[in-house]
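Here you go, one structure.
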Amino acid sequence: MDPITIIGLTIALATTFLASFMSGMNPIVIFFSSPSSIILVVGGAIGATAASGTMDQFIAFPKGLIKAFMGGPGEDPAITIKLMVDFADVARKEGLLALEERFDEINDPFFRNGLELAVDGTDPDELREMLELDVFKMQGRHKSGAAFYATCAGYGPAFGMVGTVIGLVDMLGKLDDPSTLGPSMAVAFLTTLWGAFIANYFFTPISSRLRKLSELEVASRELMIEGILAIQAGSNPRNVAGKLVSFLPPSRREEILGEKSA
Amino acid sequence: MDPITIIGLTIALATTFLASFMSGMNPIVIFFSSPSSIILVVGGAIGATAASGTMDQFIAFPKGLIKAFMGGPGEDPAITIKLMVDFADVARKEGLLALEERFDEINDPFFRNGLELAVDGTDPDELREMLELDVFKMQGRHKSGAAFYATCAGYGPAFGMVGTVIGLVDMLGKLDDPSTLGPSMAVAFLTTLWGAFIANYFFTPISSRLRKLSELEVASRELMIEGILAIQAGSNPRNVAGKLVSFLPPSRREEILGEKSA
Amino acid sequence: MDPITIIGLTIALATTFLASFMSGMNPIVIFFSSPSSIILVVGGAIGATAASGTMDQFIAFPKGLIKAFMGGPGEDPAITIKLMVDFADVARKEGLLALEERFDEINDPFFRNGLELAVDGTDPDELREMLELDVFKMQGRHKSGAAFYATCAGYGPAFGMVGTVIGLVDMLGKLDDPSTLGPSMAVAFLTTLWGAFIANYFFTPISSRLRKLSELEVASRELMIEGILAIQAGSNPRNVAGKLVSFLPPSRREEILGEKSA
Amino acid sequence: MDPITIIGLTIALATTFLASFMSGMNPIVIFFSSPSSIILVVGGAIGATAASGTMDQFIAFPKGLIKAFMGGPGEDPAITIKLMVDFADVARKEGLLALEERFDEINDPFFRNGLELAVDGTDPDELREMLELDVFKMQGRHKSGAAFYATCAGYGPAFGMVGTVIGLVDMLGKLDDPSTLGPSMAVAFLTTLWGAFIANYFFTPISSRLRKLSELEVASRELMIEGILAIQAGSNPRNVAGKLVSFLPPSRREEILGEKSA
Amino acid sequence: MDPITIIGLTIALATTFLASFMSGMNPIVIFFSSPSSIILVVGGAIGATAASGTMDQFIAFPKGLIKAFMGGPGEDPAITIKLMVDFADVARKEGLLALEERFDEINDPFFRNGLELAVDGTDPDELREMLELDVFKMQGRHKSGAAFYATCAGYGPAFGMVGTVIGLVDMLGKLDDPSTLGPSMAVAFLTTLWGAFIANYFFTPISSRLRKLSELEVASRELMIEGILAIQAGSNPRNVAGKLVSFLPPSRREEILGEKSA
């Protein structure tokens, strides 16, 4: 689990509250002074987003939130690379079948499943095609999931604007008492505020976070595909290491290459 | 049929109405207080959208709406996969021609047509090319259809703005009686409201929904293409299952693979 | 000719005028009350668009307008397909050269030229490459033409805003007589109105329409390329029909396939 | 040289000035009434753009301007095609080496260099690869150059807004004398005006113009590559003409094909 | 190091300050008059950006800033090309192994590593694939880094707007004393100002700069890949020079080609 999403959103909220208090306002009072603004913005954004997709996507709504908050970048690629170099060594010395005993060391089901297929003698081209199709389809599911929250983030300010215009129209239509002008406008603008709030403090970061996690998961599986195929091909462990380090930033390559040359 | 579009739009409208009532406004009165705003925005958006396309697209306008509301994600891919694995089994044991008796079990015309061509002995490469061209062309038709509603959604706020500016120019030109200022501005802003309304409560969700349904239909047909070609090639049913499960999220793969390994 | 562009723009204009009259305004008076606004917006948008391209593009400006208004989606693809299936039949039975007598039945110069090259015995791969290059270059010319009107549409609101700001700056600088405030602002906003007007009632629909017509023309030529090459290859007319129907929506395929199987 | 950029920008400026005079304003007085607005907008836009790139790009800044104003669409492709068809004729009849005497007729260094390499017997695949890499790299340089002015155009309104907000904050902070309100706001809005001015009357058209010129230069070189390779391959001049006319709009093809068939 | 980022941002800041002083304002007083605005905008933008990515990205935040300010376009490609042409000469005359003595002349680790692999006899196709994968992965890391600052730049104005709306809502809610209206609005707009400030004077230029530096580094490595493979293949130094000069603008090619032909 990578707590940065919780930390980041807490920083954003806390500094907003702190700034409000410093200016002599009570942010709780301001934000919650008009429940109807919250209902209009949240109801509109959720409703329009739901209408934009399918029932399945709507039901999966909370799952994405949990993943964004509780998920993380997954296993360090350096660990995966080390395991693969090690497996390549075993495969070279003792044959592919000797890897069967070590399947339990693999946590990732994609890696394990791919290696099993490789050891079972699946044709390399077919194996690559199958694994790449799997990653491609996963990428599609992730993209569609992240887009759902981005859609919701986009509807936030739109419904905020709708609510504010409704409020202004109502207010301007009955301008008999100028003293109510200010408070009426304040209420109207609260809808704009809530629209910007759900977009910037919640749905936009969630959507970006899910896209980033997907990017990392795709990279991790591409690394596994390259490794599995190299192991199956019986490549020299040093060459396997040399190729897979491309998936690491240069500053961390020594961890892999240093060990090998030692 | 997937009722989420009706449900979602109902939620968006209902919460807007509820919020208005809670703030002491009558949303019906507000929304319908200026028929001219509705005429300008709806007429402008429909007219400009019609001008942006062809007569055929304009005539097909209601068809897309019906599809967005009444359509759905289609048959569960797991069912299609199971049928295909079953067919692969038959084809392997009794030959391709034995599948002819089972054509009536296939509901999807694309699947049925493709399988007929496969059983008729069409060359695999040619068959793939034909089926992929069909999907590609369908995708183009869907894209063009969804874009039509997106265009309409874009014109909504644009004509809302035009109407509001016309109202403001008229109002500012005859500022003799300040007491009419408020109501005049209210009427002017109603056009903005209607522009935002048709975009956010209707055309944008419709367009996104059509794009999503298209995405699902394309994925479903890509699955069928892979399956048909695997059946024609006489692949092992287990391999067919192993490949096609990529089209399902991991959590549902057991349904297919579990059965097979049993 | 497809009258939808004229019809659509007429609807947009007519409803705007109707709505204005219903609100007690005279739209002609409002729109034409400040000739300087029209000069600034139209002059600015045309000038900046001209500066963004080449002299050739500027000279071709009216040609695109004529095409958008007077052009149309071209011949029904079903007619082209029927002719091609017929030609495939002739080519199979009487040889490619027998088609020479029927060249005059072909209206489209691209189709005729392509078929002539096919009958002359041009190498199929070279023929496909030549025809595809031709379509690709046509697509480029169309895209560049449509982009010109889109650029113009984009400059509309930009110069509208420039004119309004000039008006506001002038007005605010000599605020001695508050009674002139309203009318001055009205004039300033007229520039915004004209900017939005030329964009939404004219240039944006024109640009979208040209893109749509181009899309249809490209699809029509891709259909011709597939057909010409299938005829040259001496394909079975039934297979030619089976492949080319992908260019039609499913609801219209019976027209072609029904006839053939009859 | 193609004077359309100078003509277009002159039209845009002249109509703005005319419109201002017609409305009883002196545009020179308005535009130059606040030198600080000009300094803030121009300084901010140039500074931020410089910071966005490299020193080399900054130094090349004036070069792009000169190209946008003084450059043009280059030689008419019809002339290039005629020369190439002529060269193909010579190469066929007298051999490739006979072209050496005619190198001086070629103005374009890319064409000349490519033809020299072709005559020197460079391998066709390698030659194509070299020439395409050259075009690809040129395209990259052009794109990066045009993007620089687009960046500058984007910063214009951004710094205009910054200056206006600074002005408003200052003005609102010392609201003791309401009579200064108007003039202060006028000055604040001048920054918005200058931001929109440098973007719409200058940097955006320049950037679009450079992109268009690049597009034409790329197309011209692609034409040369096809021609050079066809000449080297000893193609029939009629086929060379038939293929290269794709680079011309249909209305101009007769110029090439008519001559040939004569 | 390329000081243009520091110079550019200094110009942008200095002209803003100069313009403020010229208008009789003290920019320091204005910008720092409301610490709460700074806290809200900076806290919100950093917090929401952090939540959008991973902990690793957040920790690497300062590294990108240092690179943007202190980094530069790297070694002049002409120098790299000259070295490569020289190496190609050596490899041709004395064999690939003779290059080992000259490895120390190479500063760039990517170049050196690639040449070592080439000299070690790595298969050319595999070598190209390895080096291209390395560049592709580097490009991905750079893109993700630059996107982080662009995200931050996008949140700047968003949180500026949130803060301004909070301020307006608070102010409008307690409109008893009109004399405080101006100063309250001034404070509310300061948040807008800070949002625009961090975006336009800092994060947007930083993000563009990082993208530009990445583009140059990718081009530099693509040049190295072409050179290394040409050297390994024992190409003629003149051909190596002829191909690699595509990476230079035409005006600088004489430096390479002139020398060679001399």
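Order as written gives the chain letters A, B, C, D and E; numbering starts at 1 within each chain.
We take it that a residue touches a chain if its C-beta (ideal position, glycine included) is under 8 Å from a C-beta of that chain, and two chains touch if they have at least 3 such contacts.
Keep in mind it's a predicted model, so treat the numbers as computed, not measured.
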Neighbouring chains shared between chain A and chain E, ordered by label: none
Touching both chain A and chain D (chains): E
Distance between chain centroids, defined by C-alpha means - chain B, chain E (Å): 40
Separation of mean Cα positions, chain C and chain B [Å, integer]: 25
Residues of chain B whose C-beta touches two or more other chains: none
Touching residues (chain side chain A, partner chain E) in the complex: 2-16, 18-20, 22-23, 25, 27, 30, 33, 72-73, 179, 181-183, 185-186, 189-190, 192-193, 196-197, 199-201, 204-206, 208-209, 212-213, 215-216, 219, 242-243, 246-247, 249-250
Footprint of chain D on chain C - complex, ascending: 34-37, 39-40, 42-44, 46-58, 109, 117, 130, 133-134, 136-137, 140-141, 144, 151, 155, 158-159, 161-163, 165-175, 187
